[in-house]
Structure formats: structure tokens, C-alpha cells
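My questions all concern the structure below.
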């Protein structure tokens, strides 16, 4: 199967981290294509940045989806996920959603270990929007400004492990999620130093994307995830207009 | 005070409906400026369309906010509301949020009367994201395809009133919200035919926007609604880059 | 417009604090009338005291409402609020309700800074009754016995600011509510020392009361906030009997 | 043991119904004393009436509690229950609370069968305030105006049974609560015509009151249910002042 | 009345502790019979152990219920409670359920004081399954390995009291529940050293069991707690087969 | 990889249905082994039957797990799932959990289509225990007694499709789950007649089991899903004793 992995951040360094971990999480017959947001911010931490990243991901998806079996939105917080799922006739999987659903299958409550204080509110709202705030034991985050987004793992590895340990001991987490694309691959390397399963959002998203393709569910013809009703649109570019409006005024 | 009212839909007909009702909802010393989304769809009904509308609203806000005291996002479902609130140093008010908070001050549970079946899921998720699903008695919606978005009130007025009556009698609503910018002004004209208070999102948003300006609250210097951390960005245009990235790579 | 502000506490010192802040929160054409509970306790901190204060407020409202456009119940915890709203044909606004709804329009989660440990449970239950416990980051309170209720601000000002800072840093509050009528006016004077918007319940209540009058919503003819059904009553005094029973047995 | 049963309604007919059922629900060594609200409405259906009834119950309790082992607040909706519990050094039991907790020990979800449409919102809020809305399958109510409150059972018995049957079949109730003091005794007479256990609030309250006395729990010296802090009060009468203020200004 | 008290743990020491406290919690005309799980673990702390204990309790109940008026499942966490309630024609009461419902009648929020760290997750899930997680202030637990399950009270008494005090002061508990059959009787002996009512699960369960018998509710003929539908079964032994399958294939 | 699929029902017909669908849901290199409960009921519909089935599944798992990479509990309602997950060092997947988590990745809210009225309460409680009741649009069920559990699909296929259609149109479901092992394979054959994706619990469970093996998460050494503490046990048989007690008294 062919998977399109969209990094809604503009950082190529982050795309490389995602790709490296994604490559370790696919089956032999799965092919990966990476795409990086052409506009937006280097690393998404807030609601505003997520809205921009979500729109960028939507543009990429609209342009390229026809050659793929599924799409992965590869930023924690899942920018644009439900919007893409609504207009795409193929499965769309998000890193946060995939990670929390995987965590739910391995324990009672999970904690998220994050790379900045600011990012916590957005993560919490994302998880709450999936109805799973009751399974969230805590979010714990690094408290220093991020210098080099591509080098968080090297610079802050020990501190991240310590946060994980405290989440288990003090917050009652049965599973840890190491959150954020810049941490892609970390869980694999520190797994044996963590007291409970430590999940990587990229790994979970790739595995769930392949699972969703395996499932071969029908594209909905009704309900709130069938394609939006036909209507006039403008300024969207032909690929997105074809999906959202299908009556482009500016065509 | 000066208010910028952004219509995240691309329909000028809808902008005119909003403006007419907004003009009836302001105090003598309040000045209105209307803006219409330069790209997107004529009328937002889905998560995907809302993401596009939110990004369009963000672009407009970034370009013009410096001349205003507050911004109103004038589409039910509040496209981009929390994102704008995060980056704007002035109050940002949404139609849904303002309507549901006003309803909470007038009764126990409220119902939303909407203009299409499809729109209900997005509305429900919006209200749930405010933590107020427990106050929502029901959403009831028209079930015919929308022909002329600017003429819903004329064509469907009686049916909308009937839906309102059933929400009160069968669902236990103490307050009704006539939802969606295309219904702007309807509540005012049918109020005396409704058994309970019927709220108009435009009215509520304009009144709350003025209330927020009255409140003169400080712009936050901490927490998750202070301006996002400085970071590289690209492709956003100078106004938005100045707010979100403040280190434009493509400057 | 004319507003009746009812202090359900019996302390005249507190009434003066409320009046001073209320006067700063009204528009030029708004007139204020203050009323103080003729029976009850000096300062309400518990469920029992709130029940008494609510009944006192109901007596005052029943006697005087006909000369006003709206009523403000000016004690945090909103004694008797929903009861008054049910029987009054004009808007009734509460300090807690107005403050939390205003906070919701300015951030994700809010904290309440309170003047005694004991008061916290009652506040929490009040906020939960509005369905907004999910938006409450924390309640933090002074832990010394209150000496002079009219002088809390002077004696405990620094400590209250410190509690606010911890609510932001440790509990994730985006907005602070300085709670309790004895703190009326404090937010205004310490705003620039707080890291996030600090709201004053009196300010919020006065602004929302004027907003509700602006809205000019119909009095309900159905639902659970229309006037109670006619029935025999006794011992209530003519004004309240006229609203609740309307068939006074003891007339 | 000695129990004081307070009817917060002013109707003596209702007091007699309560007493008849209460007499059937006590053990040989339990003595009952009935008290009827000296002011208020004949039958409580709303938030406003409940506030009045709660204050009346508080007055009665303050005056007489010293001769009793426990107090029963005998109106569905539990007027003043938590307030009384806060100031009384003996157990205080409410009809609704006792009925829903008894129902929880007999099935998964329960329905409430009520005597008027209007009463439903108040009941729902009462049950929600106990945190048990998730166990509530439905509230179903008679839809005709109540003529003779002391004769509801005779006039509407068949209709009440029918509502109960529908709650089981359509709403998934495992247990029924026949709600409201005017229905006292009905459950006992129709039990064999109901498909699931049908609980009487008076029965449940009396049985739980005796259970609470059996439990002999300590009066709290801390927490939010210990006696309110000492403070000035006025206009409360000596018995209530002794409990709430304990520094009566008007003594 | 005759009560069957089933200890789902295999420890006879624990059975003796339960019996001693149960004997102090019954009325003169109540007779107790104790039963100890014939298989399972000495002391249940986990979901797996609770499943085993629940099945053991079910076997005992099926064999003996016909001679009793009610059954008490005497392990905190209520192993098998809802299953037994479904198949038994007599009331079945659980220690946790009885304790939390009793706590709800004495305060706003309660804390559970438990005997091991591990046991907390299972307790939390049990309380959540009753819909009462919103009333739970905290669970606090001993953090040393348990040596002699029959001697926890002697060895850890002071530490348990200290945990209770912190739950009141730091977590806002109005009531404490000393949880786990090995603590049976402790509440009675330390009550006067606790700042709030301290409940014993055994006491609560016995008192509620007698209350449920007093209530004399009908056995359900419909709903999800009526006897399961007749169906083939095997390997269950005649008594359980008679209740669950009633068409024993292996008879 | 090698998967052990445990049918907690005793019906061999059901095991055959599960096996047929499971065989269609595995990858080429996955090997299946089926096991059927040696004791219990033919088809689990209630809490009591689920407790028995859970204990039977635990026995099978304890005896055979060492030869497998993951275990599937193949009854809707997931009998014993969390208990097995606690004691097994390999992933354990349940049909309900896998189906609802898969549904969450394909839409907003899902409905469950079930084979009997009675089964609904147990399903609802199961889904609620995962914290996902907020995503559940409805449960709809056949209302005739089940004759031949192995032939439900043939006899009731049209009726099941009709229930699915109503769940979408009336309840707002975006995804359907055809629930219960006796429906295994039905979704595959009726997919093109359903308006939204229709999921089969067996398919979902097999796909998620393989995903969990792919994930290769560490076995927890802490938290509430690490192996229970060592303790005396009796009567469990050597394999289960080794997992739960590890100090078999009866060895």
C-alpha cells in the first residue's frame, strides 16, 4: 500500500525525523511518501499555528491523495485531521488520535510527555475533543525554551525520561506517549528505561494507517463524514475546490 | 468603539444579512466594519469548510486588527475563533460562543435551530468544545437542500418556527438559538411567535463584543492565550507572520 | 436603564465596596440602586448561608423589581439566582455566572481566587451547577480567618496576587476571577501585576446585566423559566405571593 | 430513635400522605414527628418554590432538632437539604437523594415518574447536583394541570403506571421512582403492576434516615460540612442564629 | 432477617475481621452467616483477582441464596456485584457501593484510604462504574508492601490516620472511607481521631443490606436486572446453571 | 505471528463464525488458533454471563499464552479483557474495544447494532467503562427472542440492515458496529447496502491484535497493568496460579 505522510510543520529537519521513524514502522509492501507544509511555522505549539498547519495539510492532501491508500497527518495535536477525514475518500490518520487509541489498548490511563509548556493546552483540548480526557492521567512538559527543534532528543533526552517516570509514579499513568514529531524515534531508543510502555506518535500513526487500509471500510454516503454538500467556492485552487465546493466560482 | 465583523463565508449576501442585524445591535458610539472571506465557500456547514473559513478569517484579522477595539467572527460554529483569540491583542468574539453564553444566562438548557441536517455535527462539536454540551437540549434542523442561502428566512421561516416550538415542548429547551449567519435578523422578527426567548447569534456576538471592550481586560502575558512563542515561519504574508512567527524566513 | 443591585450579605461595608466598583462599570445612562439583605449573615461562605441570602434576595426583588430593567445578585456563589430568574419578568444576573461566562470568552480555563478555605466547596458546586466545571482550572483561597470583611483587600492584597500567580503557573489558568463581593474593585487595581486577565465579579455582573437588557429577550411563556403555575401559598408577604402563588391563602 | 419529618410544602393533606407512608416504613422503636412548613406554597414544583421551602425547613429544623436523632426533608427535589446538613449535628436525609441512592443499589439506570411537566427541570437539576445524571434513564411526567394535590393518586393512578411502563420499555429503566410527596404510598399499592422495582421517596428517606442513625458517624470537625464559621448575623431568630451566626447582632 | 456475607478473598483471617465488624453492625433480629471463597487469592487488589473473586462469590451465592434475605459481597471493589444482582431474586449489596452511597449522604466529596498503591486503579474504576467519580476527592494509599494482611490495622494504623487527615486538608474530602476488608473495624476505633466521618465498608454494607430488605422491593420482571434469558450452558454446576442457563447441557 | 482467539461463549457454531471472519482478517504470515470456553453459556448477553465467560477466558489464556504473540477475546462486551491484560505479558485485544477505537478513527459518533434487547445494557456499560460513552450515538437491537444463535444473520439480516439505517438517519451515527460474535462476517457482506462504514468486531479485533504486535510495546514493570503482586492463592490450577498468585498454597 502507498501512504502519504504530511508534516504540517515547515521544518525539513522534523520531516526527516518523522521519515526515519515511519520507515521503521511499515511493513515490507508499504511505500512512504513524505510531504512538508509549504507555509506555516517551523513547529506547531498553539491553536493558531495548528489552524495554519491544518490548512496547509489540506492543500497537500487535496493535491496528491489520488495516488495513495491512506494519509497520515504527522504532527501531534492532529492539525486539520477531522477536516481532511471529511473530504478524503481514503483513511486519514492522526498522530495524537492513533497514539491515544493505542494507549487505551495497553492500559487504563496514559500520560503525554511534551516538549514545551505552551503546547500542553492545545494537546489537552485535542484529546478532550476525542472524548478521552477521562483516560488522560496528565501532561508533563519540558520547561525550557526550545533551541533547535531537530535536536530536542539529544539535548533533553534525560529530562524527558525523568518526566515519564514521574507521570507513572505520581500521576498514575499506565502508558506514556512521547508527544510531538520532534520526538519521533525517541520511544524506540528509551523503551527499556521506561517503567511502562512508551508510545511514539509516528509509530502509532503508521501502524494505525496500515490497519485502516486493511479494514477496507466503505467511504460514507451519509452522516457527517460524507463529502460536504456541493456549493459555490472561490480562491481554493482546483484540487481543494473539487473536494469542498465542486462548483468553483473562480474556475 | 470600532468593531471589525468578519464573515468567514464568501457570500456577500450573507455579509449583508449580518450587517443589517449587526447595525441594530450596536450602541450609538460603536462603528462597524464588515469584511468578507476572500476565499472559501459560500456557506460553511462542515469541519473542512470551517477550517478554510478560519484561515481566511485569520488572514483578514491579521491585516486589519490594529484599527479596531474588538473582532467578531460572524459564522455559527466559530471558525478560527480560539486561534484568533490567541494571536490578537484585542477581544475576539464568536457567534456560537456568544449565543450559548447568553442563553445560559436566560434559562437552564437551550436548543439550536439550524438550517441544514449536515451542519448539526459541526455545531454539536463546537458547543462541546466549550464544555457546554450538558446545557444543550437539542439541535433541530431543516431537512431540505438549501437553494438560495440569502433567502432561507423567507422560504423556510414557518418551518424554523415549528422546529423551535418542538424543541421547547419535546426537548425541554428554555431558550432557542436561531443558528447560522443566514438567519441573522430572524429572531427579532419572530420573537413574539416563539414560546421562549429566541436568540440571534449576530445580536449576541455584537453585544458581547461591546461588553468585552467595556471590560477592558489586560492582554495576557502568560497562559495558553498569550502570543505564541517566536519561531521561524514561511509563506504566511507579513501581517500574519508578524503575529505568529515574528521571524519570517521568507521576509 | 435602571439596575437593582442586591447584596445578599447583611454587611453594609460590603454593599459600599460593591457600589463603588459597580459605579465604575456602568454606562452614562445607567442608574444604580443598591439594596442590602435585611436578614442573614455578614458574609456568605456556605450552602446554608447562601440559602438564607437567596431568600432575602428574593424578598427584596419581589418588592422592588417593577421599577427596574434588570437585577444583579451581588454575591459570589449567586444565592437564589435561578429562583429569581424563574419568577422575575426582567433579566437577573449573578456575579459568579457573569464572571465565569466572561472568563470563557477570554481563555480556555479559569481559576477562582477566593477569600476563605471554607468558601471553596460552595463555589465549586455553584460552577458545576452551570455545567462549567470542565473549564475550572482550580480554586485557590486565603487560609487565615477573616478579621474585617471590609478590609480583606488591604490586609491580604499581596497574598491574593501570589495565589493568582500560582494558579497561572501551576494550574494552567488562562484567566483569573477574584471572587467574592469583599474583593470588589481589587482586580482593577492589581490588573497590571497579574500575568493574565483578572476579572472582578461585580464588573462582569454589571456589564452582563446591561448586555442582557440590550438583548431585549422576550419573557418566556413556556419552559422551566416561565412563571411558576398558580397555586395556594401562605406567609410570603404580598409581593412574593403575587409572583409565586398568586392565590395567597393568607391575603 | 426519634425522627423529625419536615414537609417543606404548606399542604396539610400532603403531610398526612407522608405520615401515612412514613408510619409504614419505620421500625418498632422509631418515633415519628411531623412538621409542616409554616410559609411557602402548597406544592413545590420550581426552583423558586424550592428556595422558599428550603428556608422554611431550615427554620423548623433549627427550632426542633435537639430532640431528634435525624431529620427527613420530605419533598422530592430536597429543598434545603445540603444547607441543613451543613448546620445540623445530626443526620439529614432527603427524599430524592435517598430514592436515587436506593435505586442505584437495585439496578443500572432509573427513571423518575413525576406529577407535572413543570417539575421535571428542577428534579433533573437536583439529581445532576448529586453527580448521578448518568444513572438517570428519563423523567416522565403527567401532562395535565394538577387539581387536587392530595388526590393525584386516585385521579391519575393508571396514567402514572403507564408512564412507568414506558420508562422501562422505551428508556431502559431498571428501577422506577414515583416522585413527589403527593405520591407517597402509591408505590406500595401498585408494586405488583410494575415490571421493575418501584420506589417511594418517603419509604426510601425513612429507611435511609434510620440507616444513617445506625451508622453513628461522627459530626465533622473539618471539611465543608462542619458548622459554618462564626460571624455576625441578623434577623434570623435565635435558633437559626445560634447555628449559622452564633454572634447575633440583633440578640 | 438472615444475611449471607461472602468474603471473595480466600483468607480466613480477613473473614474473621469482617465477621467481627459485621456483628457490631446488625440489629438484634438479624442473623449472619459467613462464607469464604473456596478458590482465588488471599487478598484482592487487581482486576484479574477481582474477576476470580467475583466468580467464586457467584458460586457461593448460587448454592446458598435460598436460605437468606440478602447477600453482602464483602470485598472493597465489589467483585461480581452487578453479576450477582442480576441473577439473585434477593438484594445483593457491595462494600464499595454501600460505602460511597453512605458517604454521599454525609458530605459533598469523599476520599478513599486504601491499603496498597496497586489497589487504587481498581477502586477508581469501580467507583467510576457507579457514575460517582465526580464525588471522589482522592484515593490515598499505603506505599509499603503488605506483610500480614490480617494485621494491617495494627502495623499501619497511624499511617492510615495520617493519610485520612491529608485527604481532608489537601484534597477537600468531607467524608473518608477506610477501604478494604482488612481494615474492617478500624473506622470504629479511630473515629474520634478523624476530622470528618470515617466510614467502614463492612458497616455500611451490613446497614444497607438490612435497609434493602426493609424496602421489600419487587424482583424485576423486566429491564437489565431481571434474570437472564434461558439458554444452553455447561460446566457450571447445578445451582449456577439453574440461575444462568436453566437448560443445563451437562445435567 | 501467532494469535490465540478465545471464544468466551460455549457455542462451537459461534466459534466457527468467528474463525471464518478471522481468517479473512489476517495477513499471510499470521497463524490463528481458536479456543472455545469449556464452561459457561452458549451466548453471553448479561453481566453474570460475562463474568463466567471472563473467568473461562482467563483459564484458557493462562494455559496457552506462552505459544502466542497476542490474544483476542472474541465476544462483544469483552469478557475478562482488562483482567487478562493485567496478567498476560503479551497484548490482549477485545472485540468491543477494537471496534469502538476503529470507529473513532472513521467518524464522530458510532452506533452499535445488537442482536437482542437484553444485551444493550451490558454493551453500554462496557463502552462507558472505556470512557467513550460520549462517542456512542445509540444502541439499537433486534427485539425478538433468538432461536438459533448460529443463524441470526440468515434469519435477521434485513432487520439488522434496517436498524443500521435508522441509527444513521435518526441517531446521527457516522459509523456502525455490527455487534456480537454471532454477526461475525455480516458487515463484509452487507457493506455496500449500508450508508456509512459498517464494522465487524472480529475484523477490528484481528486487525488491532496484529497492530499491537507490530507495536512491540514493552511489558509494563509499573502501573496498574504490571503483573499483580505475589500472594497466596488456592484452587486456581497451576497455570493461573503462576500468573496471579505465584505462591500457590494448594500446589
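Order as written gives the chain letters A, B, C, D, E and F; numbering starts at 1 within each chain.
Everything below uses one rule, namely that a contact is a pair of C-beta atoms (placed from the backbone, for glycine too) under 8 Å apart; a residue touches a chain by one contact, two chains touch by 3 or more.
Remember, it's a predicted structure, so these values are computed and weren't measured experimentally.
J.: Which other chains touch subunit E while also touching subunit F?
T.: Touching subunit E as well as subunit F, we find A, D.
J.: State the pair with the higher C-beta contact count; candidates are A-F and A-C.
T.: Here the pair linked by more C-beta pairs in contact is A-F.
J.: Need the CA-centroid distance for the pair subunit B / subunit C, whole Å please.
T.: The separation of the two C-alpha centroids amounts to 28 Å.
J.: Just give me the whole-number Å value for how far the CA centre of subunit D lies from that of subunit F.
T.: Averaging C-alpha atoms per chain gives centres 43 Å apart.
J.: Once you find the CA centre of subunit C and the CA centre of subunit F, what distance in Å lies between them?
T.: A distance of 51 Å separates the two centres.
J.: Considering subunit B alone, which of its residues make contact with at least two other chains?
T.: Only 82, 108, 120-121, 125, 172, 174, 223-224 qualify.
J.: Counting only chain pairs that touch, give me the topology of the graph as line, ring, star, complete or other.
T.: other
J.: Touching subunit F in the complex: which residues of subunit E?
T.: That would be residues 10-11, 38-43, 45-52, 54-55, 58, 80, 82-84, 86-87, 116, 118, 120-122, 125, 128-129, 145-146, 223-224, 228-229, 231-236, 240, 243-245 of subunit E.
J.: Which residues of subunit C touch subunit A in the complex?
T.: 108-109, 134, 172, 174
J.: Give the list of subunit A residues in touch with subunit C in this complex.
T.: The touching residues are 120-121, 125, 128.
J.: Quick one: in the complex, what on subunit E touches subunit D?
T.: Contact set of subunit E toward subunit D: 25, 27, 82, 85, 91, 93, 97-98, 101-102, 104-108, 130-132, 134-135, 168-169, 172-175, 191-192, 194-199, 203-204, 207-208, 210-212, 214-215, 217-226.
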